[in-house]
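Consider the two complexes below, in which chain A is the common component and chain B and chain C are the respective partners.
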Partner chain A sequence: MNLDSAKKVFFLESRENLQRIEENLLTLLENAHDQEFINALFREVHTIKGSAGMFGYQDVTNFAHVFENLLDGVRNGEVGVSDQLVEVSLASHDYMKNLIDFAENEKAVPDEVVSEGEVLIERLKGFQSETENKEKQKAALINYESVESRKPQTSTADTSTGVENRYWHISLRFGENIFTTGLDPFSFIGYLKNIGTIVNVIPVTQQIPEFKDFNPEICYIGFELDFDADKGIDKVKIMDVFEFLTDDCTVIVLPPHSEVDHYCQMIADLPESAVQIGDILTQSGTLTKAELEEALELQSSKSTDDGENHPLLGEVMLKEKMIPETVMEAALEKQKENRAKEEQRKRSIRIDADKVDQLITLVGELVISGANIKQRIGQTDDTDLSEAVEQMARLVDDVRDSTMYIRMVPIGETFSTFKRTVHDLSRDMGKQVELVINGGDTELDKTLVEKIQDPLMHIVRNAVDHGIESPEERLAMGKKEKAVIRLNAFHESGSIVIEVSDDGKGLSRDRIYAKAVANGLVTSGQNVDDRTLWNMIMLPGFSTAEKVTDISGRGVGMDVVKKNIDSLRGVVDIESTEKQGTTIRIHLPLTLAIIDGFLVTVANQKYVFPLDMVLECTDVEFNQDDKEGGNFFTLRGEVLPYLSLGELFYGDNFKNIDKTNENRVFSHDDKNKIVIVEYARKRAGFVVDHLLGELQTVIKPLGKLFYNMHWISGATILGNGEVALIIDVPRLIEYVGNNVKLRGKK
Partner chain B sequence: MMDDLCFRLSVGENGLECKVIKSGADVTEAEIKGDCTIYNAAEIKKFISKYYDKSDSLVLNLSGVDEIDSSFFQLLLALKKDAGESNKRVSFIAHSIPVLKYIDLYGAAAMFGDRLVVKKEDRDKFDFRYGLKTVKGASGNESR
Partner chain C sequence: MKEKRIYEKEQHENRTMVQLLSFRQGREIYAIKIHSVREVIDSIAITPIPLVPLYIKGVINLRGNIIPVVDLNARFYGDKGEIIKTTSIIVIEVPFEEELVTIGLMIDAVKEVLMFPEEEIDPTPDFGTNIRTDYISGVARHEDNYLIILNVNSVLDIAELSEFTCEAAIVGE
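So, the complex of A and B:
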């Protein structure tokens, strides 16, 4: 395997591990005693440590080792979960992320980062030494008890039923192909010496056949080990030694003073007969004769009352087999679950984004040529052929949809990165903020997700910094001490909506108004509605923050946010109620590359509206409205602004073109065709010449030459090779809203 | 009859060399040298099988074994076990360091029951403290 590509995978996976570490840490803050999260944390750090070691990133391994030790202490209940602990852990997470970034860019780690790491290591160790001090106070016996109580199996057990053996017992049986895989049990067993002292090793030879039948390439042997683990080594760490063994190998690890029952179960799980194993266990000193007697009495009273004082050892062991079956079933069930999880993970594959892009380009071409065929077939009378083409068109549709779907990723992952931001910020500012996430599984295009992250981050920071009041202020206002910031994502009329809302103090109308007057945006005394006013905060250089913090308030924030969202063909909308909170709503188009379009003509040129945004098409007479001079019309009682695309695009010339066109192509009356579109909860009508119907549209960028075309967001190629321009509905709606209103006011 | 002729059964293109030093009905003495890993496991078994049945006692000189893995250890174990069950005698002599390391860690010193000679300067490499203390059919436990 190519090492470079393996490394790439390592970096990818480490990022994922780190992300999960962060998530788990944040959950831990709310849920300090959930063992599940602590275990998960430990595993993730352990994975990073292991794989970093494999690639020789010693600094990562070393650091992860210290971190892991601390988490191990937490897992064992030796170190309590505290806010400080989570803080240090978060810092450790950041540091590891840093190290991995440097490793990926193949840069040397700068000295200041190294020293930062050293400080962190000291802090991590600080937690541990606390533990050690505590531990010193405890007697050795108590230590054993804590080992005992750690074992998941013996939750109710009383330690007196445990065996005398104060060592770990390890049973190893290997798959018959282990020799040929190049794995040598010798190295695993030898490795144990690094984490403790091997007390005894007994080779188990019962499975070896007669020499003439003996196949030297098959593994028949197994081992029974007694092992004195070093301090801090637990079952997981011992199991880890054998983690490279394949599934057909059996590794059983019994903690010191395990109950006789567990030994019985172990014996049941091993391939040799109970007599043979029993012999080995007694002779090696793992179990005493008395313990076997005890097991024996226990068993005979449980199963049959044969009253015999000394039944054969084997009999007891065999009977013993019956007991753990339920336990075994539970274990199997668990195993099944784990396997299902594992398979789920295997089902997702990593693909280079370029490959997906290439596929999308190809599907785009397919859609175009499909449209071409469809158009041509309309000109023939061959019904069979047109039926076949119909079917193909449907398939092309499906192919297009599922191709676009490949790029769709849930936004939840992006959302959860804000948890950390909110946590850090609110701590720094002495505020209490809870981040509530809804609709995290709403899917949108991967490039959109990437590009929306920064603007969203800014909005969230703003909310914490400016929106949320300090706990005292909140209490004084009768609000809950802990503020809530909500992140919502959902689908709405062909767009994705992402909302960031807080229950803070809301925007200050007076202050924004004053600032707008000062900037010359409105004249003093002018009546401005809320929405217009709120939107002004997204203008360049518009900041009303009383104090500039390092987080926000320099006035270069919201305008950049708006610009970024504009570039994604999105729209930002602000709602705010003083003292109750602010909601910032971002509408984003569903996809970037292929859309269903609605084809119209204006002055013989074809234009496409994104179909998702088209509400309806209708004929309207404008006579009475025109007289009043405003561009409004009434549709079923609702007043809507409208705009003639012809006039917008061609100005006064349009009337001339229009006339010739009308005379030549169709003989309609003076009724106008109007397309009613909606975007970001605003509606408007656009007057066009002809309605041509739906089509699939592959959006092609227009290139630099048309960079300044405001009303056009792209172009598409029609089936016959003609170019149609795609109307930039969000911008047009905004334009209509502003201009028509102004004209109406005059 | 003793056969003083040394002949080679297989010459080590795989780094393995198996030699019969003496061959007879009561004792066969042979030597295995070189790479005794899974790559040569089948070859080694073939070699031993050829002489194992023919005499009551097999002596294997392991002084030249310079590479070993668990498959070879298992083969030695299989020989000892089979010998114990079929009233034969198999002994290993002049174990090389790698062989000793396996016997040591795998707790087989007593089980094998052969005399283990460890040079003074190598002694701290080994513990020889694992394994069962008493073994059925073992011919005594000597270690120096």
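So, the complex of A and C:
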């Protein structure tokens, strides 16, 4: 077996695990008592530990083990969730990420990193020893304060003591596929004898289906065990026995005299219904009837605490003499949910991005040759053939769309990485900031997502660093102590908009104006509108921050942001109100590879406008006098700037070029054809010679030679092999909008 | 005849041989080392691009890829090169930012492929040429003529060629 490819998967998956760990930790901060997140955290760390061990990354395994122990403590309620705990866990997450990075690059871990890890391990253990000490103080009674404190009000003094059972209780549910992995469930039980005595074994057979559905390769059976452990055997040692079980197996170990609460949790975690488990537990003598009733009652009161509107299950159960149907339904519901999750996981596959790119290139070729066929068919009068071709063309369209869709990924994942950034930054700077994410499921091209990450990161950091005031300042201004930064993503007229807005102090007009004067961008006293002024902060070397911090304010940054977004054919827009906040809006094209276009000619050359930016095409007669006053025309009462592409491209020579074109289809008069486009909420008109209609275009890059040319964004090959240039509408609108008087080159 | 000459040159096995592609531009004969040449094509429809310097002739569709074409006459002498019957495009790969960039070079006529002993190539003379000396990597005598061997990476220096702004064409207020 090729270990390298397996390792690759390990690194990929570990990164995903780590990301989920981070997400869960951050959610835990807001939602400290949600068992679901704690369980998820534990699972992720456990997976990393297990797979790192398989590949022999001992340092990762060792560290993950300590981390996992702490999380196990949290899961069992032995350790309370606190801000410090989350901080340490975040640091542990970073450290594991570090270790995995070193492992991937096949580098030895430097000493300073190792010692960092040792410090972390001590801190992690510190949390545990705290609870251990408490345990000792209370001697025989196993009573966890942290649990008690987060218990609902219903628990009184007598329920907080453990159950009578003086043995360990172990629940085992093997995954369906355990036989195929070559493991023998029984050997685990056999091994338990080495560290203690098994008091009771009850097989759980409820999952065995009817004979006709029975598959001998699937493990249906589970066990409930009561176990008398030898001296010195603790939970970790018992768990170690089941180390090799895969993730789809459930192992729950409860210490002697565990709280009813824990049993209740266990019942909820097992796939069988509460009644079935309850029967087994009372039969084996693990729980007395009274204890079981208490457990079920607790469970029901818990679910009402969650704010759900269930009838009091305890009451129902008592009335109906231990037939808590709702509990059973809930259990069934949970099973359904799990199954759905499992199926979801099975439905998605991992594909190498290169393969997708190759497919997209091929589809691009297909679109071109499809257009070619269509054009040739137009010259014959075979209606059957042209109908068949028409149908094929529609299919090609669909293939194109679905192919492009493969590359689309939701931006949510990128957004959530900023949670950590905001958390860390605001902590370091003593600010209180909440990050609100909207439209995380907006999908955009994977390449775009990757390239937008850094610019966004910079904007978010800027917002925390410069935008948001300190809590004292905020209170003094009558704002809420906790600031809000919003990340929004949505579609708007053929582009994707990503917005970062904060409710901080906003841009200071006076300071930016002063700086602009100092830099010689405007002369003192000159009237400049807000938008122009805000855009100046994206110029190189322009920073109004009074003090430079680690994070930002060096005057490099916003210009880099703008440059990056420019290279993606995007546009940055800034809105700001002093004392109320700033919104930075990034408009991005939907995709980078294939677009619908609108074909026109200028001086016998073909040009393409991206169709989603085209609002309409119309004939206009310009009043010569108007023209002298500036390039504006009026369309249904709206004044729009316009630009003649011919005059821009060829200057005065344009008049002498013969513009008759045999391809012209729309009109034969000599009126000016104007294409009206909109981008980033700005409109402008472009005068062209002829309108040729819509077509699908595969954008081909023009290459490095045209790196500095901004008015075309690429080229496309037409059906007959001719090359047409694609107009970069955002950039041209920028020129026109800036009201620059356009004159052609001599 | 041509085959025969290449064969004869290969006889000098003890010498390092360089394979060259020679072509005519104006009245001069130039040659470039063949390893950077991908192919030679007839001049096909070149799509002009407005608002770019004269040395960028336009772009062509080379089997589905868009390739820029540089006008050698404009690059060397600053005058637009005319398209004549023998005009050809040499498709060349030049390294730029750790990648190979494909560029077409428009020339008047392709001549032949030659094998040349390395030591017969003389260093660039300091004067006596009418093009920039950094374009030239060496000079060799060949059939009573001087053959100017071009330094492709300098003639087609992407960093230099892409150093233009279309904003220059737009005159501010």
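Note that in this section the second predicted complex is superposed on the first by the 526 of 746 C-alpha atoms of A that agree within 3 Å, B and C clash if a C-alpha of one lies under 4 Å from a C-alpha of the other, contacts with A are read in each partner's own complex, and residues count from 1 in each chain.
Operating definition for what follows: a contact is a pair of C-beta atoms (placed from the backbone, for glycine too) under 8 Å apart; a residue touches a chain by one contact, two chains touch by 3 or more.
Just so it is clear, the model here is predicted, and its values are computed rather than measured.
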Partner chain(s) touched by A:214 [first = chain B, second = chain C, both, neither]: first
Which of chain B and chain C A:529 touches, first, second, both or neither: neither
Contacts of A:352 with chain B and chain C, given as first, second, both or neither: neither
Touched partner set for A:711, first chain B, second chain C, both or neither: second
Partner chain(s) touched by A:441 [first = chain B, second = chain C, both, neither]: neither
Which of chain B and chain C A:4 touches, first, second, both or neither: neither
First, second, both or neither for A:106, with chain B first and chain C second: neither
Touching partner for A:381 - first (chain B), second (chain C), both, neither: neither
Common interface positions of chain A, toward chain B and toward chain C: none
Complex contact set, residues of chain A against chain C: 365, 368, 605, 648-650, 700-712, 715, 717, 721-725, 735, 739-745
List of chain C residues in touch with chain A within their complex: 45, 47-52, 56, 59-61, 64-68, 96-97, 99, 101-103, 158, 161-173
Footprint of chain A on chain B - complex, ascending: 38, 41-42, 44-45, 49, 52-53, 69-71, 73-75, 77-79, 81-82, 85-86, 102, 105-108, 111, 129-134
Chain A - residues contacting chain B, complex: 178-180, 184-186, 189-190, 198, 200-203, 205, 208-212, 214, 216-217, 219-221, 223, 280, 283-284
